[in-house]
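In the two complexes below, subunit A is the common chain; its partner is subunit B in one and subunit C in the other.
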Partner chain A sequence: MNHNLLTVSSSPHILGSMTVRSMHLELMVALLPALLTGVYFFGLPAAITVAIAVVAAVAAEWAACKIAKLPNRIDDLHSLTMGLMMGLVLPPGAPWWLPLIGSVLAVVLGKMIFGGLGAYPMNPVIIAWAALSISWPEQMNAFLAPVPIGSGGEWETATTFLMDLKDDVGLVMDPELGPLWWGNTPGAIGATGAWALIVGGLYLVIRGIVPWQIPLGTLLGAAAMALLASYIDPGVIEVELEGFAAHLDVVWLHLGTGGLMIAAFFLAPEPVSSPVTPWGMIIYGLGIGLMAVIVRFWGTMVDGVFYGVLLMNAVTPLLDRIRPRVLGKVMSSA
Partner chain B sequence: MSFTSCFKGIKRARPPEPTGPVVLKPPEKVFLPLRQHRGQTCEPVVEVGQDVAMGQVVGSSDEFESAAVLASVSGRVEGLVEMPDPSGQLIPTLIIANDGQDTWQDPPQAVVTSAEEVTAKRPTRLLKPIRQAGLVRAAIQGLPLHVDLSPPMAPRSYLFMTGMPVTRQVDTLVVKAVDPDPPICPNHACLKLGGPELEIGILALARIAGATEVIVVHPAGAELGEMAEMAKNHLWNLSAVSPTKYPFTTDNLLIHHLTGREVPTPYGEPRDVGVVIEPLQTALEVGTLLLGGRPSLERVFSVAGDVANPQTFRVRLGTPVSQVLAAAGGPTAGVAKAVLGGPMMGYAHYDLDTPVTKETEGLFIQCDSNLVHYEDHPCIHCGRCVRACPVNLIPSELGKLCEFKHFDKAMEMDLFHCIECGVCAYVCPARRPMVHLLRHGKTELLAGRMEE
Partner chain C sequence: MGGPESFGAYLLFIVGAVLVNNILLAQFLGNCPFLGVSRRMDTATGMAMAVIFVITMAGMITYVVQYYLLVPLNLEYLQTIAFILVIAALVQLVEIVMQKSLPALYRALGIFLPLITTNCAVLGVALINIKKDLYFFDALVFSFASAAGYGLALVLFAGIRERFALARMPKVFEGTAIGLVTAGFLALAFRGFAGLAG
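Let's look at the complex of A and B:
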């Protein structure tokens, strides 16, 4: 008899390389292009806002675990990622207490109260963002005009393109898409650079961290609704767009502005609060996209994409019921 | 492969092309468990102290679902003890000391001599020697081969609900030269053996099952050797599947891919949809038996993982796996886990002295540094398991339900359709022991039914 002690366990005996920690690490890597774009255009104020948000999120989780006497799971990097995202959806140069309160709200109210990672029903970052923008609309809507690093301009408050669009729908005529997509426009730190977000998002899709259905659904939903709205909105009809290309410009404009890209690739596919079944994810994405554009055209708020995510988060348990047919579940197996 | 299944399962490293199996010297002592198949345990028919010859029946049973156990060496019966078999259960086991003579009980009696003869024989004539030789389908939980092939009438009660026996017409034979769980690859290695035995084996299997279409599945890019010629002569379909896509080489998924038919789970079997699926090794054994006149007392057995020379051997039945491990150069470091079967679906055994039986396919060794650990992390609902599950379950939800003892709810969510391929646990970033949780649920539910 061999008396070496052998380990026994249920199969499988090999595991994939991905852990919660590595997943969040890759998420942060994917957010890097957006962060760099934000810092390039909004300089030091942006960097400070993001830094405060990150530090506050990690500290809040540490304190919450301490108070609730829970095992400390800061090393899974989730609170760090959350802090980063929180910073990226805030306006650059926000007063120091805005990212602080936002991160604490996200971690404590959005996540820890429900039992930590895996248990919360809605994206905590968006919950915090919604709380901030309802409580302090002035500060949340005080954006800066971009001053690329090295150009030596002064910081001036400015209004975002979507705000201008609300006042004057005529801006949809011959829009300047270049600056909008590159991030050279007033807006939240991480939400302006559409290209940077697409690069990071595609990386996540290829790595299998973000399911392709959610971003695709969101973008398709937004594009379809924007196209439809460009034909039926009374304001746009008055502008008299000529030809299909002009209508398509409206689509590009809505895809590139506001929080749509960061929502499509980072906030909507947030694992805990998004559905898991293929068709559920597509419907979830479509809902967010539709909601975003509907609010932009006909709502009182400037941008509806974050509220769209919140709304669809609430629908997630319902969407999870749309299941694919189980292979082998046929009549004779009943 | 259908469009949706492109995104299912996991991608695994391509196993190295196996070399032809190396014949391993018969051991000093063989350990023959009296149950080496799915079904009834055999009764010993020899006394302790008695001399036996190779091929002599040492254990048999009157039950239909059982396969005779044959002595794999000549020598003296040393004892009858309870020993753990490869699935970890204690089974009465005969110990036979090898006298090194390899004397056979009977002179060889060939049943057929050429390929033409196979098609002329009556199927029952071909089936009888198979039952006498106690052949077992070369796979984990393998049925005795005569049960797996013979009567095309349902032997299972669920089809008798109307009171009428249902005849299941078999029209397709799938011979798989692919292995469900690489790098354990006995069937792929058997491709190298080839020869007339293989040809006759496949023809005989098709003849007995009544299959008109034969599909030989092989790993894409494998050297086919004589198989290509044989397939051309007999109009067999050759089908290549990717050896890196796991778990699409397991029986049910393979049938779905090849024929588009769905094997009903959990109580159905391939014959319900008119398919008989046999490993290449089994075809080879049938051929050896019919052409050579003597049953095969060996098993093609792969050793892989953290060993000096991962290799495939031809091993006498009853050889302790520790001796096969030693023949493969031994482990590279201290053995931490000895898995019978492959790394994804194999059974981690607690005893390295367990014998090679008709059901074993290989040994996968892990040393300490490569051991993986599951964690007690809550599910983060990321849905990676849902995207990977080859049978379209929602493993994350099932895992949670089973963890918190909502077994009935889990059954409504099709828990029993799970094929335990382990893909969900493999992709889980929270490293939850998914297969363990689902098995726990199944066991509890079955135990509950037994009480009722």
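Let's look at the complex of A and C:
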């Protein structure tokens, strides 16, 4: 006789196998291609920066839990994931204290003082990144020229493509899209290999960890704004792009560079600080994409995508007010 | 006298006042009610409306006072007192109207409503108008745009803070402490607009 047939229990009745821990595990797996690309092109300096960031993040969470006398939740792997992302948005070969301070800021200031996972209003990694890039712009903008493992070159400081673009708009004329998308270009450790981030991101979308609306909205917003800007901005018209293909090149250029991909697939869809409704997610994504390209074209900051995420995080509570209509509710006639 | 010339420049002028040089998050004026009334969305929107009304009206009236009363009479040194007088009268007006027509909001705003008089954003905008040497219409637009920026920041902030009711944060950070941290985050986000206009 089977007693289980008549068991009455409260919801949820169907249990998924996904837990907070397994979700973060998959998130880290999805970040692996980007991490490996970064280490391949930037070698040991990149590996050290990421390692410091990861260790510092976990240590900070452990210490914060100890001080606040909270139960230790390191095993949900959230701090580990945060440390990994923190390392990936920093320049390779940053001084050792940069990833250290960044991770501590992200975990303690960005997350723990709000009450831990699930309570913070804005993506803690980006908060830390923004604080670092305002406090130490010199170190945050000292990138390395890529030296693929085994090619035996010397490490040299270099400027990213977007920084060059700020000084010389003419660079959009004949962009070398290959290296930009492949990752063979100076930039943040995990943000240069656009293809690797797309691979990881698509995995997350298929696994249902990242809702497809946010990356799609972000990329669409950025593409639309880049296209529009390439038509209306006098700085670009001066160099006279000919034909639609040249304008499209500007779009590919902006999609592949800077932090756009890592923001679109990993930082923006952060489950705590992003909206929950489908339309809210699309608007959220569009806002990030627009902001990213607007700042790249007209702002003083090199890349606006992280600021875009922060800003849309701030709008998230308002976007969550867009709710589906309640079925059967009679609208009162005013 | 100066001001934006073309339509595009005008648009940038407005964007500059609302976002880039946001009166709250870039110039840090008027933080007191920002922290005081932002715990609930309805008081925040009410406050935003009241401030928009007061700043816009004050911007216009103080402009007239400055150029048609103080300057001809060589009384510019009375600027602060004269402006505060105008603002206080306007706040009194808002208070009387609100007490009669929106008593619930009037009670919710409490002390922060009469305190608009000492809200530095109001006097700040009035003074910036004069300092920037704007034309009357530009001063009107600038006042309204600045006030709209104030309202925007206040509403965004209230949205974030409403959620804190659900968070289990450490006791020491509850209330104003976490509010100030969040305001800092918001200011960090608004830094992204730097250099976009003005």
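Here is the rule we go by: the second predicted complex is superposed on the first by the 312 of 334 C-alpha atoms of A that agree within 3 Å, B and C clash if a C-alpha of one lies under 4 Å from a C-alpha of the other, contacts with A are read in each partner's own complex, and residues count from 1 in each chain.
In this text, a residue touches a chain if its C-beta (ideal position, glycine included) is under 8 Å from a C-beta of that chain, and two chains touch if they have at least 3 such contacts.
Since the model is a prediction, treat every value here as computed from it, not as a measurement.
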Touch check for A:151: first (subunit B), second (subunit C), both, or neither?
neither
Contacts of A:328 with subunit B and subunit C, given as first, second, both or neither
first
By the touch definition at the top of the document, which applies to A:315: first (subunit B), second (subunit C), both, or neither?
second
Which partner reaches more residues of subunit A, subunit B or subunit C?
B
Determine, under the contact definition given at the top, whether A:119 touches first (subunit B), second (subunit C), both, or neither.
both
A:301 in the overlay: touching subunit B, subunit C, both, or neither? Say first, second, both or neither.
second
Looking at A:291, would you say it contacts subunit B, subunit C, both, or neither? Reply first, second, both or neither.
second
If you stack the two complexes on chain A, which partner ends up touching A:109: first (subunit B), second (subunit C), both, or neither?
second
Let me check the overlay on chain A: which residues of subunit A are in contact with subunit B and also with subunit C?
115-116, 118-119
As the complex stands, subunit A meets subunit C at residues 68, 109, 112-116, 118-119, 121-122, 127, 130-131, 134, 291, 294-295, 298-301, 304, 306-308, 310-311, 313-318
Touching subunit B in the complex, subunit A uses residues 1-2, 4, 6-16, 18-20, 22-23, 115-119, 208, 211, 271-278, 281, 320, 323-333
Give the list of subunit B residues in touch with subunit A in this complex.
10, 88, 252-253, 256, 262-268, 272, 322, 334-339, 341, 343-353, 364, 366, 371-372, 374, 377-384, 386-387, 390-394, 396-397, 414, 417, 420, 422, 425-431, 433, 435-436, 439
Write out the stretch or stretches of subunit C touching subunit A in their complex.
155-157, 159-160, 162-164, 166-170, 173, 178, 181-182, 185-186, 188-196
